[in-house]
Amino acid sequence: DEQAVSGGEMTIIAGSDIKSWDPAITSGTFPGGPMDQLDAVYGFLVYVDLEGKVQGGMAESLTSDDAVVWTLKLRPEVKFTDGTPYDAEAVAYNWKRTANPDTLAPAQPFVSSWIDGVKIVDPLTIEITLPTANRNFGSTLAQSAPFVGSPAALEAAGSDKAAIKPVGAGAFLFESWDQGISLSFKRNPDYWDQPRPYLDTLKFAIIPETNSRISTVVQGGATMMAGYPYQFGANAEAPGVATHEIPIPGLYRAYFNQKAGTFTDHRAREAFYHAIDPGRLMQAYTQVEGYVIPTNYFTQASPFYDPTYTLPTYDPAKAQELFNELAADGKPFKMKLVTYTNSDLKRLSSYVQQVLSAYENVEVELELVDQAMLKPQCQTQVNFDLCVDGGVLVANGAEPIISNLLKTGGVDNWGQYSSEAMDGFLAAANATMDETEVKAAYANVQKVVAEDLPLYIFGSETRFLLLRDNTGGIVPSNGGILQKQYLYVCEDACAAE
Amino acid sequence: MTDIGNMPAFKPGPNAKLGDIVRHAMPWSSKLKLPGATPFEMLAAIFLVLLVLVALLVDFVPGLVSPKLPYGDFSQLPEWSLNGLLGTDDIGRSIFSRVLHGARTSMMIVAISTTIALVSGLLLGMLAGYYRGIFERGVDLFANALAAMPSTLVVLAFVAVTGPSVVTIIVVLGIFDIGTYARVAKAGVISQSNRDYVLAARAMGATDGRILLKEILPNLIPALTAVMPTLMAGLIITEGSLSFLGYGIPAPAPSWGGMIASSTDLLSRFPVLIVGPVLAIVLTVYAFNTIGDYLAQRLNNRERES
Amino acid sequence: MLNSAMPYLRAISTRLLTGILVFLLVTFSATALSSLAPGSAAQLILGDYATPEQIAALNAQYGYDLPIWQRYLSWLGDLLRGDLGVTLFSQQPILGVVLERAAVTFEIAFLAMAVSLIGIPVAMYTASHPNKLTDKIMRSVSTVLLAVPTFVIVVLFSYLFAMVLRWFPATGWAKLTENPVANLWYVALPVLCLSLHQTAYLYRVARNEFVATLQEDYIAVARARGLPLSYILFNHALRPAMPQILTVMGLSLTYMLAGSFVVESYFAVPGIGWTILSAVKSHDIPLVQAILSLTVVIFVIVFMLVDLGYALIDPRVKVS
Amino acid sequence: MSSDIEPNDDMILEVRNLSVSFSRGGKQMKAVDDVSFTVAAGETLGLVGESGSGKTTIGRAILRLLPDANTKAEGDVRYKKTYLNTLSNADMRHMRDRLQMIFQDPLSSFNPRRNVEDIVAEGLVIQGRPASERKSRVEAALSAVGFDPASVAGRRPHQFSGGQCQRIAIARSLAVEPELIVCDEPVASLDVSVQAQVINLLQDIRESRNLALIFISHDLAVVKNVSDRVAVLYMGRIVEIGTGPQIYERPAHPYTRTLLEAVPVVDATHKIEPDGKRTVMPSRNRPEGGCAFRSRCPRASEVCAQNVPTLQPAPRGQMVACHHPHDEPAPGMAA
Amino acid sequence: MDATLASQPVLSCTAMTCEMDSVSGPLQILQDINFSLDTRRALGIVGESGAGKSMLIKAIMGIAPRGLRTIGKIELDGQDLSSLKPKQRAKLIGRKVGIVFQNPMSSLNPFVQIGRQIEEAGCIHLGLSKTEARARSIELLSFVGIPDPEDCYDYYPHQFSGGMKQRIMIAAALICQPDVLIADEATTALDVTVQKEVLDLLQTIQTERQMSMILVSHNLGVVAGRTDEILVLYGGNVVEYGPTSEVFRNPRHRYTEALLSAMPAMDQPAHTRLRTIPGQPPNLANRPTGCPFAPRCASAQAKCHEVMPAMAPGVHPGHRFACHFPLAEIARPASSDSAHVE
């Protein structure tokens, strides 16, 4: 940060456009995703750093001694760009709004569970009393409701989401949005943390084609894109280009539909695990050899990793046996794999189809939908047997993602998995601040995962950025989203590792 | 497949013409009757014949692996063997086998869409050309509306409605060609109607139906066959574009456009693997266009002579 | 003079009438189709956590629950009032968005068209020396070019010129009005990709047309008068060949407008091709409708211009 | 005005007050204007006139072969006891084996995809004759026009020369055994050497079968050779009608005389003195009202501009529509 | 032959043969053509369709279709055309020869104003300036009898009738003040009355401007009273060549005679049987060895089928014909109207 200079412009490549400026509606953790764009305007109230610790962003701190009562301290003199103060009232207003079911916020169940315990102590202090202890309250808040918009602007828009104007207190001011093409922001001169932000202009360019994105960065047409080394290939070594690892392991996973269809039968899920060699699957997916395959929800890098409980391994003979058994029971293995039309995912699903089709008594159908239609189809309609979501799910610090995935009714629990034991262990892990108890609870979680096979977990990877080598101030938050106020253009190749 | 090793030696001299070489290498090709065709046109015709044969008989090619099952490792470079000739694709299937099976997919779409378009276009065009008036206006309007809509986009929209399906693609592509066939048929009927033989048939007491079906229809065939290959080439391109965009033939059925799309992402790492499907689509379109030109030229000549 | 203008007026008005019918047909089909598509704008706006009731409510608010013909009529009504609405997410006025992006597509299409015009003099030369070496070469080259689908050209060119050689930018756009030099740089690859096919096509049509024209009696007469070949080509063959060339140019222009989405989305050029593609995906139906309408309007205008061109070129044409 | 032409049962064909107009781009164009004539059995009526005078239109109107779309035909056409103009399409179809037509361009009057027997047999097929009868009648018709049926079998029209094609066309008409044939410039596209064959053939057939012919031609020499009576058309109207000798030896209408004068004669004994006035004849557009020919007529007077002349008996017995008919021999003709 | 100035031919062909390749072997389209056209004389070329009339003209003009090989000598104004480079040759012919083609509808470029079409050859060959050219074309337009030539200058061909177009073609042919005017079936597509006007015009111009003229027609009547010499072509061969009056009055070749008697005449009564010529013109790819007319000739003998007759002189000077058994010379008074007496 020493050599940070003011001025300049950066362009972050996004894969798709945002749908609205509603700060309550956030999802995705990948750079270029909607959260990334909202961050520019609203700024993180609190965020999770690379170590998994909750840090203050727009707020000064969020702390608790007992995991039940949490204190949020705001910074003085922070103002929204419409001049209204970024104070306790504003934060509480945003939370209330999120808790209102009409807002349709994904974080509604989470926020509404403690909204009654919110107490404004003074304009810069809020005290939150949770109904039960939650040691992960801070990180969950950072992941699912980190943005605070100007109450005046939100009020003005009323119920019409499309009419919400982006008025935050973040590092940048919304300048223009060309739907489907680009978004442009300019420096917020009244940002609280002067001399930040350094950049005069921040842009998001929407480029759907992976190859085009890579070439664009290589040629200097944009500053950065998120991706994986297998996609970059030799381009990572191109002059003027650097890669930057965001060292938070993520999981590749697919959802088994446990409400209806083939995978309601445990044998089918087990057979699926046995039938496919995950190493080959990852190689098919990324065209790169040598992935370490996770043996359970937590990878070796995680402090909660427990080698005792492992997921079933590749065993084609066993798989065939189970497939035959299922067929004999009159429940032949017939599955529909749903994913979206991305070439990597196409490859992955084709590979799954190809491998499974080689077994007897197996039928596999593929359905590739538009990216935007994946969630509705998998989450809302639950119309799949196996649903593959693209990219990796950041699994640092377990929560809130693990609960979202595995808890009964969790927002990311697309497969409708439900287990009392699992719910209990997850709650236990949250309820204590004691590390050994947490570890024990998560060991049990891994045991249940290995037994129940709620998800198909087949790979893990860290995310990379392909960026211009003169990009400075890379401060990832929440597992990948760069905090825009730190970004600056440096004179030399400061990003090269 | 003919064994190349058993062919009698033939050394093309410096003055050997391409046609001689072709005729020598493929003796049966001289049975292909294309009066006045250049060697390129002969080659194109042979290629198309081969393509149709491949589409029909690809399952019986000895030694050819399934296009849906793995053959080798992922993204293997080409090697000197039947299945590895063009390398393997990103999940290890034989590209050569997929290219050959892709021919079946393309040919099937071309054949069915063309049949749909030809039959309906002919019907509409004949009515429009013979009865003129309101029929003609209606058909013109229909053809114009089709021309004013980007076909690929409409197929995309339909695919969005019905989900990716071969039937949708075939039907929509077929519908889009109706306009052209109708136009050609209409123009043909109008120009034939100006010939005295139609009048002569009327003078003999022929009914409209007889005149249309027995007198005019046979004379529309040359013009229709002349536009057909070009339209077929267009179908192949459109189908390729759709599959390329991911809205075409559902996986794992092999299609050239889909193969190009999947090699595109890995282009910077395995550029050779795109060669097979690209060559397949380019050569096929080339052959169709060449035959189309040949037929159109012959039609022109015939019209000029008469 | 009024008398001589009357037939034109009539021809144009019949064209317009057909155009309006085509317009109604196309836009109505678009409404019908979009209402059949799964998912909805409401779904996308409300996000993934909306309940079906909420979605239904928002659909009702937008009027997406009405029968097709009612939706269509209300859209038509809005259109007549000059109100195209705003884009679904960014709330930009649709008219402005569409015009701005159409300008981009137009620039590319026109430049591609302009580049392809070199096909005409080449065609003139080869047609006047038929079956000579150049003619044969040009014919083969053009047939090969015509056989390469645009999406293949796009993939190969962007790989070669943007990734390997890095001569041209892989994606992006600069407005002509703001930075003409950068604009040229950005426009180069898309134009190249579009014009290759175009040039080959125009060349072929022009060549065949010139060959046919050169067989006309009046060309024989001109030759018998001892007029030089170049004089005959420019003064006697060019104009008669123009109507056909013009038709093809008109067709190609609409083809390029419609077929631009592969090129535009690959090069991330903010034109209508890419816009309509993403609008279809994100169910921004008002935007889709607006672009389709524009396409039809352009189609009609282009063909009216082509007709007018006929009338200017061919003195015999009075009424179509 | 034609009421003086009584219905006459000797006449197998009677055309009465026939008018045909075409609409083109909203405008009405009268191609045939109030034409009446009759044809007796076995008689040949020649129709002559310049291009566009309505010869073909009359021929087609009789046979109801005009396009329906933009055409309006009025007047009666009586064939024997049947009024053709009021027949239903189906009934007209039954009349077609008695009324036939031969076209100017024989090749284009054949479907190029048919072979010769099919072409000749077509009328019989349409009339629903059994195959055996068809075969013999086709052979008979082909022999009648001088072909050896076996040697032409299976050949396509384009394998024949123009004269042969025209003979096939005649065979096609004869196969249905018609009583009247409208010949629309049947020899115009033929060389002199072949033209003679076709004319002779038509004459022979006419005699042997007592055929009535309407023979359309712009070649006055040919018309003279084949016709018993001749009607001269000018801009859709009959300006003169009478027997061959009447018309050719003492043409009464100035237009007929102009036509006769213009016929190139095979006579090289003296060089033709060219007409020194080189101004073009005034426009051939129809003048408003009055006699259509008056703009080209050396005898035109006031009355010609006011009254449309009607057909009146001329001194030599023919009918002429002229206010100032001639009564002297044709130029170059001995009295 | 002594080369006196008076009998210097403007245009002559010596032993000219034209050949072309076809699928069925080489075609002898024209064989051994000899003729010469003197100044101020009119030559008629007659023959059936396909006899080679147009090809002869095209070969002379150098606009024959691709692949046609011309052997023999063509001299224009004493200059051997084959010794010239194509461009020079085209220029020379363009200046010295004016040509009017058969179809007035298609011989004028429908896209170009007629004034331009008339004057362009003048601008190019004579280097006329724009104003000069315009003045001269207007003058020519009125010379060929087009009313309002000033206005017509800017009209397009479709605004004229067939006869007018043919007059415009004549005007265009005259722009360089050529020595020879060639009319290839210039009146075939016209109505009889218009044909007469155009023929009269051609003849008047020829005499007024002291040009030579070639009148090509398949209609013997067209050339009959309007030419000095006549050349009868049959299957690409000259079968008879001589003074027009001689040939018509006393045709010696049996083809010429058959042609004449096949024509229906105005002085015959109705229903007169016409004389016919059986058979068809020779197939150029497969010519008979002997006289080309022998297969159709009523008086053909064995010799006719074997030996090709050479051109032999007749009684009248300049009258030549290629027949082994020519018709007898009939003695008749040279000038008489007896042809019209029945």
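Going by the order they are written in, the chains are A, B, C, D and E; count residues from 1 in each one.
Here is the rule we go by: contacts are C-beta pairs under 8 Å (C-beta built on N, C-alpha and C of every residue); 3 or more make two chains touch, one makes a residue touch a chain.
Going by UniProt, the chains are B = ABC transmembrane type-1 domain-containing protein; C = ABC transporter permease; D, E = ABC transporter ATP-binding protein.
Values in this document were obtained by computation on a predicted structure and should not be read as measured data.
For the pair chain B and chain E, chains touching both partners: C, D. Path length between chain B and chain D in the chain contact graph, taken as the least number of steps between touching chains: 1. More C-beta pairs touch across the D-E interface than across any other pair of chains. Ranked by how far their CA centres sit from the centre of chain E, the chains are topped by A.
A straight line joining the Cα centres of chain A and chain E is 93 Å long.
Between chain A and chain B, the centres computed from C-alpha atoms are 47 Å apart. Chain geometry summary: the mean Cα position of chain B and that of chain C are 24 Å apart.
Chain centres here are Cα means. That of chain C falls 54 Å from that of chain D.
Across the assembly, chain E contributes no residue that touches 2 or more other chains. Counting partners per residue, chain D has no residue that reaches two or more other chains.
Each of residues 211, 214, 235, 370 in chain A touches at least two other chains. A complete list of chain pairs in contact reads A-B, A-C, B-C, B-D, C-E, D-E. Residues of chain A touching chain C in their complex: 17-20, 25, 27, 102, 104-106, 108, 161-163, 177-182, 205-209, 211-216, 218-219, 221-222, 235, 370, 372-373, 375-376, 379-380, 411.
Touching chain B in their complex are the following residues of chain D: 60, 63, 65, 69, 92-94, 96-97, 99-101, 103-105, 107-113, 122-123, 126-127, 158, 169, 172, 176. Chain contact summary for the complex, chain E toward chain C: residues 58, 61, 63, 66, 87, 90-95, 97, 99, 101, 103, 106-112, 116, 120-121, 124-125, 156, 158, 169, 172.
Contact residues on chain C toward chain B in their complex (touch as defined above): 18, 21-22, 25-26, 29-30, 33-34, 36-38, 140, 143-144, 146-152, 155-156, 159, 163, 212, 215, 251, 254, 257-259, 261-262, 276-277, 280, 292, 295-296, 299-300. The touching residues of chain A, counted against chain B in their complex, run 210-211, 214, 231, 233-235, 283-284, 287, 341, 343-344, 346-347, 349-351, 353-355, 357-358, 366-368, 370.
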